[in-house]
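Here chain A shows up in two complexes: once beside chain B, once beside chain C.
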Partner chain A sequence: MAESTVHPPSKALVAQPTLSHRLRASATALLFLLPAAALVITFFIVPVIITLYISMTDMSTSTFSDPNFIGLQNYSRMFRSGAMGKIVRNTVFYVGTTLALFNVGMALVIALLTTHIPRRSGAFFRALWLLPRITPSVVYIMIWKYLAADAPFGVFNQVLQPLGIAPENWVLAAPWTMVILVNGFIGASFGMIIFTSAIESIPESYLHASRVDGATALQTIRYVILPLLRWPLLFVMTYQTLSLMTSFEQILLLTDGGPGYYTTETWALQAYHRALSNYFGNVNFGLGAALAAVLVLIGVILAIVYLRVFRFGELVQEPKIETL
Partner chain B sequence: MYRKHVSGLLLAMLLLLAACGTSGAPPTVGGVPAPSAAASGGASPAASASPTEVVPPAKGDKSAISVWAQANNVETARAENIDSAAQQLGFKAEAIADPTGWGDYKKKFLLAADSGQAPDIILSGHEDIAPWGQAGYIIPLDDLINANQETFKNIIPELWKSVEWNGKRWGIPQDTEARPLWYNKQKLADLGWSQQEIDSLPDRIKSGEFTLDDMIATAKQAVEKGVVKEGHGYWHRPTKGSDFYQYYFAYGGALDDGSGKLLFDKAAAEKWFAFQRRVVEEGITPKNFIGTESKIWHETVTSGEVLFFNGGVWNFADWAKNYTKDKGGEEYLYGFVGWALQPSGEKGKPGVTLSHPLVYMVTSEKASGEQQQQDAFKAVTAATTPELNNKHALGSAHLAILTTQLDTPDYKANKILQGTAYMLEYTRFLPNNADFGTYDDIVFRAMSAAENGEMSPAEAVSMVADELQTELGDKVVIK
Partner chain C sequence: MIEERFRARNILPYLLLLLLTSPLLVGYLWLIIATFSRRTFGLQPDSLTLANWQFLWNFDTWQGSIWAVTLNTLLLAAGLAIVVVALSSLAGYALSRLDFIGRRAFMSLTLVLHAFPSVTLLIAIYFVLRELRLYNTIAGVILVKVALEMPLGMWLMKGFFDNVPWDIERAAMVDGASRLRIWWQIVLPLIRPGIAALAIFSFISGWNEFLIPYTFILSRQRATLAVYLQQLVGDSRFVDYGQVAAIGLFQMLPVLLFFLFTQRYLLNIYAGGVKGGA
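Coming up: the complex of A and B.
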């Protein structure tokens, strides 16, 4: 039997698609992408460019309509500020602690607990945990302030005093604890929903199999459920890290970055204070924009790091079974 | 069994959650519901701006003279007076009494001015003159003032200083105030002070005989003898505000160097910061005090639990209407509240106070999109009368801005305004400097840190000097 050799067709024989062919072929796809692209450009790209521009000007109340271009002076001023070291440490502490204890930790605990009880009861408990998120920020913070207020006003003190704990204004006595609790109670609900839906989508057969193998509930969680939650964990962790880095309204309303010397001032709050809130009027939009621009950069870097660490590419690749 | 445990755990978490969501009831003092309106702050901007949406109100009738004036349930006459004055002149008027906090109010104005939608007249603190004048949002008024000398010759001369910037006058004073040291006469009597000693306290402070050291010693004695509770001997302002600079002045400090530059006097500031720390260490002010809710502060001092406390004269109207109405309002307050200048930090030097006049400013064509500056000024002029200003002064416990007001029967009959009028002779103003906001942020944080014990007074002063140098460079003089 004569061996047949299969040669690839020579390039000259294969018709190469022209540019217009290629454009025509992808026209439909581009058309469908257009609305989303327009939104992204209008609401994400353009604001970033405007922010970068403002950050290189001396725009303030007194120069609002006629700012001068000052290059990188705002960035230099920002990094020379003696307070920046503390603000960076505060931001890392706030994001890391709230994320670990509540936005991922507590969220996972609630999701696991509520999926191990009857479905309706689980839904009820989860709905309750949504209350802090749906309560308007100002009302929510006022409630916390009066819970934590000094005697004879605060509810915490009414509970703690009989236990021999001296009454305090707890927001001012333990500001970080309060900031983390206040934000964590809101943040936990997001992960709770994501983790719950992920847990409920795990095929029952996996859980039954683990029971048949004699696994305890904790072992089932450790060896079956948690490994299958890798993607939701990555998503919640990435999303909530960025969210915590940029959110500040609860801290603003609760402690306004105090008490004392930038005790609870985070990067985003500092950007707000510089750009939009000055007690005696003359706000520095330029400096605030520089702070915001660096925050965006840090956010992008962190997102890339997360995606690399969790091997995002592998998580979202198409199942091999469908490519056979 | 397993489900039982899980449900138990969930219930425990639920209780924790419920604890955070069920306590919206307003606090009570002695079983009496707290007032619904918190008209705190008076002439001072609110300490924290809420992140509410800032949308300039749409301007309606273009031909109307429009005015924005910040307001609360005690201070409503600021906008009403322009409205009635404009109507007397036959102008259409559009007056907005804005109840939002000062932070949002000023942001609204900034956005409106930059888009040519500002009102013709804006009322704000005199310290806004520098940034708004620099931005071209308001116009200098010297020529118009000179042409209306009949009215403006009656403005109390001291007040003109507050509206000067770059050698011109940019506003018309609308109100002013003193910031007294309030004291509880009943508690002083309980401490063993004679009636003569109590009655002479304002004079002894005025002459420099009774200083801040004496105040601390008296308050400490009151705590030790159980006349007031621990930490209730002396309560200063609980939130950020200009009141604190009174202690800087009391130790010889100044905010400007006389040439228009901001000044930071390290020696005076260190004494001031040390004073703030001492009041906590001596047990007359609670630990972690700065940041206390204003409402709680007002309720506590008006229920007679604190010996000495700082505030503004406008507090009196606020307390009478919003905190003690059911106990008799003004009469109840007169029964135990006394007032004096802030004591000096140095023996033999007179006490001090600080005024923060609110002023009417006329906006430029660039800011308002209108060319009716002359008419707007006429409306301000027509509102600057003893009758209309008395309406505001008497209703909200603010001091007179016109010499002709002082002799009106209503003003004369007002005990608190008469009793504090002399304080204007000892008053100081904040500087009209566009960078004062930056200066104030740095100083306030350091002062709070010194009071909390987070830094020593010397460290806090050094930190302020470094920060001011970094932020403001040669725009500030540090000595």
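Coming up: the complex of A and C.
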């Protein structure tokens, strides 16, 4: 061991870790991991169990201290409820449209454009696109609400009126368009960053070769760049599907599921409304938890699938110092 | 002719970018203009004024002093940054350096949690907080937020530790130093940039946080800026957009400053998969 302090030892030279080594390492590791593990257990593991449990009770404001176990009734109630069809359609529409137009579509367009122009200008535009992500959500929504505001004040109306479009409060007149714009302008930056670094890592010679062969910019994108972006595209698509499905903060602030009856209510927002806000005067923890449990299940499945597909094994490589 | 085509081709990407980015440009421009005007018609102010900024020194506003709210927000942001960095760098070290039993399982769990939609747990977390008597406290909000950021934090820190060559560490270990001492005295100072990045990221994320304090804090005295602002926007008696914009910009300023100076470090973290806002 002594002479190997200069060069990292090759695997064959290192003594295989014995059980006593591993036990000692485990005791030390416990010391380092305990605080983090305690929090993970308290705020992830226990809540998952609680969610599953509450989802099988009739817990609500009126039965708070003494809930009854009712099996899977909340789940069957959930699927029988008339509003659920609309909420499922809303969720699919919201996730699909925002993902296609912004989280993947716009992200790709911005990444391609900003890597096409000189480096500094490109970085400037990407910084602008990151702004929505770092803006406090309340401030961000307030900006959009004002852009869409009634006639003499809102910016949209000033642009649209000369085109012959009657002035409106656009949050009320076109709630879905607004919900998708608002979330899309935040969501695009994630894919933008991933795609940009993927495009920048394409060897310069590929692009040169394509140019020498007389390809136009669009042809280069179609036949050289896009095929090389297959994995990043797939990654952004799966990851953002999950994010979109479960995020509701912006919709809560912009329309709160309205205007009117469940117009922009999505699954996650409905779970929140049922369990944690006084939507109908009676908070229903049981039903809310059942709604959340379905998302938890989808979340776990997607998380595992996406970790397997995106080469999880390489990420969990063995530690460097194991035998000391 | 050729020159003209050449020029058009160079300008086209800029025009497209400007067009696509215009809602953002106009939106943030409006925010700035609105804070200095009585009323705005589109982007045109009717008259300029500093009255919207009176909340900074006028403590008689109907919801009390802005500075008390700012202090709460600072407490949340700083508390979050400190705890996240401390716990993530401890755990990240173990994940990077120690071959403990259950390491693979713990790593997989961390990764699954990182991708896991944590907002779905808010309902259950409400019960946990009540049980711990942390409901309606800033400490409770900090702990919840720390837990939700732990998977990302541990993962980032592990990556930073992985990049530290371990020869120095081995020398210290041969000399009989304990792991904890090595972590604190030798390895931590080497990953200062990583610590700074995670700390700034956590600070911003705590400073901006809306949903968790909105859900778990009831008292107005414990409100944070985001919640305070939402109450102003949501209150029908209060439609003074100039003032609301000013308070919004006030909340955004520290974040903007951090962003201007540390953009390059932060970019890496945002690329690592941040949730929320989709």
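What we mean here is this: the second predicted complex is superposed on the first by the 238 of 324 C-alpha atoms of A that agree within 3 Å, B and C clash if a C-alpha of one lies under 4 Å from a C-alpha of the other, contacts with A are read in each partner's own complex, and residues count from 1 in each chain.
Here, a contact is a pair of C-beta atoms (placed from the backbone, for glycine too) under 8 Å apart; a residue touches a chain by one contact, two chains touch by 3 or more.
Just so it is clear, the structure is predicted and the values come from calculations on it, not from any experiment.
S.K.: Going by the contact rule set out at the top, does A:I143 touch chain B (first), chain C (second), both, or neither?
M.R.: Both partners.
S.K.: Between chain B (first) and chain C (second), which, if any, makes contact with A:V171: first, second, both or neither?
M.R.: first
S.K.: Could you say whether A:P259 touches chain B, chain C, both of them, or neither, answering first, second, both or neither?
M.R.: A:P259 contacts chain B only, not chain C.
S.K.: If we overlay the two complexes on their shared chain A, which of chain B and chain C does A:F195 touch? Say first, second, both or neither.
M.R.: In the superposition, A:F195 contacts neither chain B nor chain C.
S.K.: Once chain A of both complexes is superposed, is A:V155 in touch with chain B (first), chain C (second), both, or neither?
M.R.: Touch partners of A:V155: chain B and chain C.
S.K.: Looking only at contacts as defined up top, I'd like to know whether chain B or chain C touches more of chain A.
M.R.: Partner touching more chain A residues in the overlay: C.
S.K.: Based on the superposed arrangement, let me know which partner A:L302 touches: chain B (first), chain C (second), both, or neither?
M.R.: It touches chain C, and chain B stays clear.
S.K.: Taking the superposition on A as described, I'd like to know which of chain B and chain C A:L130 touches: first, second, both or neither.
M.R.: In the superposition, A:L130 touches chain C alone.
S.K.: Quick one: is A:H273 in contact with chain B, with chain C, with both, or with neither? Answer first, second, both or neither.
M.R.: Touch status of A:H273: first partner only.
S.K.: Taking the two structures together, which residues of chain A meet both chain B and chain C?
M.R.: 110, 113-114, 116-117, 121, 125, 128-129, 131-132, 135, 137-139, 142-147, 153, 155, 185, 249, 252-253, 272, 276
S.K.: Flag every residue of chain B that touches chain A in the complex, lowest number first.
M.R.: 2-3, 6-7, 9-10, 13-14, 17, 19-21, 23-24, 27, 45, 47-51, 103, 106-107, 110, 114, 124-125, 127-128, 130-132, 134-136, 240-241, 286-293, 296, 366, 430, 434-438, 440-441, 444-446, 448-449, 451-452, 454-455, 460, 463, 466-467, 470-471
S.K.: Under the stated contact criterion, what part of chain A meets chain B in this complex?
M.R.: So the residues of chain A touching chain B come out as 60-65, 77, 80-83, 110, 113-114, 116-118, 121, 125, 128-129, 131-132, 135, 137-139, 142-147, 149-150, 153, 155, 168-169, 171-173, 185, 217, 249, 252-253, 255-256, 258-263, 272-273, 276-284.
S.K.: In the complex, go through chain A and note every residue touching chain C.
M.R.: Answer in residue numbers: 5-6, 8, 17, 21-23, 25-26, 28-33, 35-37, 39-40, 42-44, 46-51, 54, 98, 103, 106, 109-110, 113-114, 116-117, 121, 125, 127-139, 142-147, 152-155, 157-158, 181, 183, 185-187, 189-190, 193-194, 197, 239-240, 242-250, 252-253, 268, 271-272, 275-276, 285, 288-289, 292, 295-296, 299-300, 302-304, 306-307, 312, 315-316, 318-324.
S.K.: Over in the complex, which chain C residues touch chain A? Could you list them?
M.R.: 13-14, 16-17, 20-21, 23-28, 30-31, 34, 39-43, 86-88, 90-91, 93-104, 106-109, 111-113, 115-128, 132, 143-144, 146-148, 150-151, 154, 162, 166-167, 169-171, 173-174, 179-180, 183, 204, 207-208, 210-211, 215, 225-226, 229-230, 233, 241, 244-245, 248-249, 251-252, 255-256, 259, 263, 267, 270-271, 273-278
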